[in-house]
Every structure is written in structure tokens, then in C-alpha cells.
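Dropping the structures in below, format is C-alpha cells.
Look at the two complexes coming up: subunit A is in both, with subunit B in one and subunit C in the other.
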Partner chain A sequence: MVKILWFAHLSEAVGKRELEIEVAGMTVAALKKQLQEQYPDLVLEHVLTAVNEEYVADDMVLDNGDVVAFIPPVSGG
Partner chain B sequence: MKNYEIVSDPICIEAVTKKVMCPTAGAVTTFIGTVREFTKGKQTLYLIYEAYQEMAEKKLCQIGKEIQEKWSEAKVAITHRIGRLEIGEIAVVIAVSTPHRKDAYLANEYAIERIKEIVPIWKKEHWKDGQIWIGDQREQVAYPTGKPEEDLLHG
Partner chain C sequence: MMHTRYSRQILFAPIGEAGQKKLMRASVLIVGAGALGSWAIDMLARAGVGKMKIVDRDYVEESNLQRQQLYSMKDVEQKLPKAVAAKARVLQINPSVEIEEYVMHADASNLEPLVQSVDLILDGTDNFDTRFLINDLAVLHKKPWIFGACLGSYGSTLTVIPGVTPCLQCLIRSVPMQTMTCDSMGIISPAVGQVVVHQVTEAIKILLGQTDALRNTYLYFDLWNHEQMSIKISKAKMEDCVTCGTVPTYPFLQFENQTKTSVLCGRDTVQIRPPQALSFSTEEIVKRLTELSYHVSDYRHLITGEKDNEKLVIFPDGRMLLHGTKDIEKGKAIFQKIFL
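Coming up: the complex of A and B.
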């Protein structure tokens, strides 16, 4: 299982803050595609991905127990 | 004592600056980011900040390390508040101390620029006629490889 965390407008688009799914072995890019098919309101362009609290590239392969967070453009400060 | 913190309660400026005070310091700069009422003529009623707390604290710590690579004697402390903030309230305090003042100014500005690039914190503007999550204040929207380029991530 992989845990997905949603923040800001993304959590509003999917209507939840966390989601657990079976996607071990899948790349980040494939996961994004699957989620966008599942949630038509979800736009993941310009959204970064963090796995286990570090930014990763779209070709990263996910493993069981990973925590994936989608990071929209940030606006702190 | 944590030098890099995400908090829900009001930030005490002096508590942050105290973390960087030391005998080798000859200058301390403190940046205080506050909630602005008007942006391009539009009136903000209040803001909601949200963070990916664990990662945000890690990234603040990374910014501190980047600063110490550039200004080796710098000491850094950053506290960012989340939750609902009213007009004029303090959202972020950055304190930097260095032996000489110029480095303290430069390193402090470096910190706030980096916060706006890599720290997972978002603000939602609430206006009289609506609300929106604000993204990308630096107007760098394209991430062709799916993440910011290496230089953006690692300083």
C-alpha cells in the first residue's frame, strides 16, 4: 500500500486529505495518470511530487509503505 | 530548541532572534512577514495557511544548511505559522546572525526567496467575494521534468 497526501486545492478536488492505494511498482507518472482518471476535477500539471518528504522525478518507482505527497506551487512566506 | 518550526500559535519575534544570538555574531537581521490587506487593489479579509508540516520543517532546515554553505558563520532560525491569520498578523519570522552585517542581510533575503520556492506551505486568500488557494508567487509555473530543476531544489 502507498499512502497519498493531498494539500490545498488538491484536497478540495478529491474531497479528502489522505488515500491509501495499491500502486507499488508503479511510477509516479503512472500514478498521476491513474488518479486523474479517477478524479476528473484533479489537475496535476505543475504539481510536484514528494515521496517520503523529498521531491522526486516522475520516473521514480513507488514501493510499499511510501508516502506520496502532491505539492502544488507553494505560497508560504 | 528547534531552529526550524511550523507552529499554530502566534510567533514571538524575540524568541526566534534569541536562537541566533551568540558571541561571534556582530549582526542579526530579522525578517517579519505579515498578512497584507490589499494586493493589487483587492481586499483580503484573512488568510488560511496550510503546510505539509514534517516536510516543511525539513525544507526549512535544508535552507539553513544552504545558508551555512554560502555564509559559513551564519546562524539561522525560521518559524512559520499556519492556520487562520488576520490582517497584520505575523506569518513568518526569519532570524540570521553573522559576524558582519552585509552577510546577515543577504542570507536573510536568500531564506525568504527559498521558502517561496521549496517549502510546502500554501495560503488561501479569503476576500469579500470569494476565496482561492494562491500558487506560485514567483511565477515559475513550468516544471518540465515533474519537479523543480536541480538548481532550484538544492540552491
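Coming up: the complex of A and C.
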């Protein structure tokens, strides 16, 4: 199992702040694609992805017990 | 003098007398003097940073006062450009700080000499286009810069040290669409402050040369929901990054000149810039607007014109803001009527 944490408006698109999902062995890119198919309102194009609180690229392969955080860029100021 | 004003800061061991002297010799460029910028300018001025260069394209409005702590009702009434109002306020707080104010839209050509002339750049902007431009210029000229952004109760910040850390482009590989702005989501002032306390703390560490003390993460927080993520970025630097990679192209220095119009964040306002700086005198602009039957007011640093539902503002460099619309074509048409 991999735990997914949603931040900012992403949690609204998904309707929850956390999600546990069976995706070990999958890349981050494949996970994003699967989630976007599952939740049509979800936009993951520009989000920063962290696995276990470390920035990762889209080709990173997920493992059991990983905690994935999707953080959308904030623009105001 | 120095001991009285800065005594508590000098007592703070990592700063001390030597550190205070370094701060007083330091120069910082602040791009944007809105929410983030005005908090940062206030803190840096009180800390005794020697020189600040402040760039902002806008003027003070009443809706700014909820979170832009340098400004007051008097600035609103006088329609003072933020950079001008910020300078006046800083001189009240700490007259030993040297301020250069620039009332202009930051672009590659006017920002580059400013970037080259300072020790550090602080992000006070409200849009990703300008942030990526700062990122390109900072990396090109090897100047540290500190990204900051906030919205609602969220905020993010990142410290970029060219040649050492990843840059903004490594982490966010293209300009995100402006789907969420303060227009639609609003903002609470603690979110602003929370970003700025991190920005200014990192800025002071850099100015003192204490880079070992830097945070080295991309920080995200949501104050309302008590969430914080501090993401390690040591592996995020991309070899093929278009800004800090092995073959940089600095994309925002290439395309910048094509964007002469923009919709201002949270303002329901479009901005039109002339292709080259116009050399119309204030009198000529007033005369032209009057001929076109606008009700004209000259506020010294800017001129306002009102007619029917049109409310516009013209700055001495020919830059025009048209309020109450996001329609850039409408803005261009009005601009041409006035200046051609």
C-alpha cells in the first residue's frame, strides 16, 4: 500500500485529504495518470511530488509503505 | 546609535556585531511591493539592511490595507505608487536605509542591471511569469534569490543558490496556469507573514554568509488546516534544466519581449505597456484624455481618467491600467485611442 496526501485545492477535487492505494511498483507518472482518470476534476500537471518528504521526478518507482504528497504550486503574493 | 537600535539583534549570537555590520553593507532587490514585498521590506528595514531596491508596477488601493502592512489610508487617498509609498514609510522606520524605488513593470531589460547590482533578490511578486524571469536572471548572474508565494491560508517558499541548489525551473518545469488567484480564493494576512518570516530569515543567513544554516527544502504550509511539508530537494537539481542545467537557454529572457499585456492578479484589471517607453509629458497625457472627454485627475505619480464605465490609470512611462475588466483587447483598443 502507498499513502497519498493531498494538499491545497487537490483535496477538494478528490474529496479527502488522504488516500491509501495499491500501487507499489508503479512510477509516479503512471500513478498520476491513474488518479486523473479516477478523479476527472484533478489537475496534476504542475504539482510537486514528494515521496517520504523528498522531491522526486516522475520516473521514480513507488514502493510499499511510501507516502506520496502532491503539492500544487501557489501563485499569489 | 547602532548599539541602541540593533542591540537585541546583535545579542543574537549568529548575528553579533560583525553580522550587523555585514547587514548594513548589504543590498537587496525586492521585486513586488504588495503583500509579500511590503512585509519583507518592513522587516529588512528594521533589521538594518543597508540598501534596498524596490520594484513595483501598482499603486496603493484600500483593498491592499488588510495585508500590505507598509501602507496607510493616506497612501490610498494620494494614489501613491507602492514603491514610492514603501520608500516614504521605510524612511520613517529607519532613515539609515538607502532606498531606490522603481515604479515599473519588471521585464528582462529593466530588471537585469538591478539583479547584477545587489547581493540577493527577494520575490514579492504575484505571478509565475515574473518569478521565472527572476529565476533566469538570478541563475545567469549567480545571485541567490528567495521564492515566496501565498494564497488563501497556503504559502510556499524556496531558497535558490545558483550552482548549489536546484532552481525554480528544476522543480516547476513550466508556468502553471493561473487557475487560482487572490481574485477567486482570497487571502489571510497570516499566510503572507508566514512566507515572509521564512524568506527574511533565509535572506539574513545568506547576507551573513552562513549558507550552512539554510533550510534546503521546498516549504509548503496551510495555516488554516495546520499542515506543513518541508520537502528535501537535494536530488531535484536537473542536468537538463533550461535555466541551471549544463546547456542553459534562459527561456524567460528570450520570449519576454513579446508579452506587453497582462491581467493583474486579484485586480480585475488589465495592463497595457507601450512597445517602447513613451515620452509623453504629463500635460500631454492630461490634454489627450480631456479631448477624449475623460474626467481627469493628476496625482503627481500617475494620472487617472474616468468616462462612463471606463476607469483607467496612466503612469509617466506610458503604462496603462484599465480597471473593471480582464479583456485585454478592450484595453489595447483604448490605449491606441489615447496614444496614437
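Criterion: the second predicted complex is superposed on the first by the 73 of 77 C-alpha atoms of A that agree within 3 Å, B and C clash if a C-alpha of one lies under 4 Å from a C-alpha of the other, contacts with A are read in each partner's own complex, and residues count from 1 in each chain.
Simple rule for what comes next: a contact is a pair of C-beta atoms (placed from the backbone, for glycine too) under 8 Å apart; a residue touches a chain by one contact, two chains touch by 3 or more.
Everything quoted here is computed from the prediction, not taken from an experiment.
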{"item": "Contacts of A:55 with subunit B and subunit C, given as first, second, both or neither", "value": "both"}
{"item": "Partner chain(s) touched by A:43 [first = subunit B, second = subunit C, both, neither]", "value": "second"}
{"item": "Which superposed partner A:76 touches (first subunit B, second subunit C, both, neither)", "value": "both"}
{"item": "Touching partner for A:29 - first (subunit B), second (subunit C), both, neither", "value": "first"}
{"item": "Subunit C-contacting residues of subunit A that also contact subunit B", "value": "5, 7-9, 46, 48, 50, 53-57, 69, 71-77"}
{"item": "Sites on subunit A touched by subunit B in the complex", "value": "5, 7-9, 28-29, 46, 48-50, 53-58, 69, 71-77"}
{"item": "Residue ranges of subunit B touching subunit A (in the complex, touch as defined)", "value": "33, 49-52, 54-56, 58, 80, 91-92, 112, 115-124, 133-137, 141-143, 145-148, 153"}
{"item": "Complex contacts: residues of subunit A adjacent to subunit C", "value": "5, 7-9, 17, 43, 45-46, 48, 50, 53-57, 69, 71-77"}
{"item": "Subunit A-touching residues of subunit C, taken from the complex the two chains share", "value": "32, 34-37, 123-128, 148-152, 154-156, 166, 171-172, 174, 176-182, 185, 187, 192, 195, 218, 220, 222, 225, 227, 229-236, 265-266"}
